[in-house]
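These notes are about the structure you will find just below.
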Amino acid sequence: MLHILRHSPHAESRFASCLRAINSGQSLLLIEDAVYGLLPNTSTRNSLEYLPATVNLYALDADLQGRGLALDDLPPRVVIISYPMMVELCIEHTKAVSW
Amino acid sequence: MKTLLVISRHAPARPEAREALDVILAAAAFGVPCGILFMDDGVFQLLKGQDAAQIGQKSLAANLQALPLYGVEDILVCQHSLGERGLQANQCLLDARVMNNSEIATLIEHYDQIVTL
Amino acid sequence: MNFAIALLAGPQDPAARSALEFARAVLASGHRISRLFFYRDAVQLASQLRVTPQDELDITAEWQQFIQTNQLDAVVCIAAALRRGVLNEAEAQRWNRPVANTDAPWELSGLGQWIDALQTADRAVTFGT
Amino acid sequence: MNFAIALLAGPQDPAARSALEFARAVLASGHRISRLFFYRDAVQLASQLRVTPQDELDITAEWQQFIQTNQLDAVVCIAAALRRGVLNEAEAQRWNRPVANTDAPWELSGLGQWIDALQTADRAVTFGT
Amino acid sequence: MLHILRHSPHAESRFASCLRAINSGQSLLLIEDAVYGLLPNTSTRNSLEYLPATVNLYALDADLQGRGLALDDLPPRVVIISYPMMVELCIEHTKAVSW
Amino acid sequence: MKTLLVISRHAPARPEAREALDVILAAAAFGVPCGILFMDDGVFQLLKGQDAAQIGQKSLAANLQALPLYGVEDILVCQHSLGERGLQANQCLLDARVMNNSEIATLIEHYDQIVTL
């Protein structure tokens, strides 16, 4: 199943709540201000990097670029995707929960 | 029918709290098997002794008490959220079942659809 | 596949555009949208009175054009709309208001339309929570 | 003393009532309100089209009555109002919209009115940030 | 000067930001969801109790009662006030900042 | 004239960020001596390399660059907020002065009026 997170990890408790609710084998997609969670040298980046290896991590390309995040400075496990790929992700997974 | 879990995350004075209850009561009225999980500031909805009239609001209590009457099967509350807020289950309205993090992760796996509100 | 897409955040929230881009990608990928449902502040998208500065994206116009071009079912939650002052002709008359500020392609209807869409779509995605 | 009071959150936010209770207490204490300024989602308070369920506090009506009874200067930020579809007759005509949805006692004007109020009031308090 | 805080300490970073910006000799008023910061056995209650003794701490009566906070379980340093007393506070202090 | 400090707390894609800049530019246009402090997610407004068109928005850069032109004297950024977000002052647009917590407390004492937006 797919978790979609859109809020800044700093402004909102749901970033942390979502991470607590993710099971191994699930997927997490960061969109909108949630991509700020990938900034280097932050506790949120650490908590994303330390998710179980079986959790698939995605981030939306337009939202990364729109917010000035350097694409070459992301954790290797993050897969950068487009909107059509987001549609595919929603099909691959039987359900999606938006936090 | 697909089962539906509503995760209610907002404090009771916020309009989002009432709208989350509207959604689950509508789902229950349509016969959808559903549950509600109070999480984050949503657990404040369950605090006893709220006098909503003091802040010019209608109490949420009637809507909360309607949940079992409408056949909402799972009424659940997040242990971590309670703990962060210094609350215990016996301070809660309704007989909400306390769920730890791994139980919540399993719960989310188990329901067909999840809407956070 | 059939998608049900719900938007909960208002026109100025980044989610209003995320949801639109996603909806466009659903159709472009050859899938269908069985229903769009607008709840909470997203009901403001249905207002005819919003004025966007000329050098900014007019998200209301973009959504409306997308809905009309693709003849989509666009349901605005009536309870949320009444609370936020988004009324069609029938509701304006019912509630004794001097004017209406929404019309087709937006349809005012109950939360049951969302519940129904969640039941019948193959996939459901919510934006702007 | 002269108070300038600004409200930034929408009608359904608890801040809309906090600000009203505070404003009432200002007058009840024998002080004056030189200006009320409505910014961001608070501009929705000026809409004539909001419908509140009968068993709930109609915060729009309460604010409007408070303003009229005490003949207060109630300025709605015009830029914020245009973006949110709150238009008076003049703006509806200017932007070629079919109808208007606000009128007196609410006055549409610029941010300068808030800046001015901040300069001239003895005390300034903001609600709903 | 008077600081007014209205957001839940859990949902919003501004609760913590406000506490960092308070100088000794200033005042802090909790209204709306910020009164949840006074619940016993929480880190936010601790951070409020550990503010310098010269910081005056106030909470709005209606908001405490509206949210079910037990008035007999508040830190002794908290002064419970009404709206008219909030007006007086705003007059006593030359300026107020709302967080 | 009374001096005015605007504290801008929201990420650049949120409408609140633009509205905060509108307020300070209006104040500056009226000749009010004013400053702006970027704090919490507001520091993200200063991040270099943002391509706002990718998210269907107009860049905030023009409004930010107008600040010194309009005579906004203090352009400040919160050190704690930068640190929490893994950012350093040299990654910021504008020549914002970095302020620690006690400097911010003093700054707030120093201005006649403070508006958080």
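Letters A, B, C, D, E and F mark the chains in the order given here, with residues in each chain numbered from 1 onward.
Quick note on the criterion: a contact is a pair of C-beta atoms (placed from the backbone, for glycine too) under 8 Å apart; a residue touches a chain by one contact, two chains touch by 3 or more.
On a predicted model such as this, the values are computed, not experimentally measured, just so you know.
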Contacts common to subunit C and subunit F (chain labels): A, D
Far-end chain from subunit D, centres as C-alpha averages: A
Farthest-lying chain, centroid of Cα atoms versus that of subunit C: E
Distance between the centres, which are taken as Cα means, of subunit F and subunit E, whole angstrom: 26
Interchain centroid distance [CA atoms averaged], subunit D/subunit F, Å: 26
Whole-Å separation of chain centres (CA-atom averages), subunit A against subunit E: 35
Between subunit D and subunit B, distance of the C-alpha-averaged centres to the nearest whole Å: 33
Multi-partner residues of subunit B (each touching 2 or more other chains): 13-15, 40-41, 55, 57, 113, 115-116
Multi-partner residues of subunit A (at least 2 other chains): 10-11, 13, 32-33, 62-63, 95, 98-99
Two or more partner chains touched - positions in subunit C: 12, 14, 21, 83, 124, 126, 129
Complex contact set, residues of subunit B against subunit E: 10-14, 40-41, 44, 47-55, 57, 84-87
Complex interface listing, subunit A residues touching subunit F: 8, 10-11, 32-33, 36, 39-43, 45, 61-63, 65-68, 70
Residue ranges of subunit F touching subunit E (in the complex, touch as defined): 7, 9, 39-41, 78, 80-81, 101, 104-106, 108-109, 112-116
Residue ranges of subunit D touching subunit E (in the complex, touch as defined): 1, 3, 14-15, 18, 21-22, 24-26, 28-29, 31, 123-129
In the complex, subunit B residues that touch subunit D: 13-15, 55-58
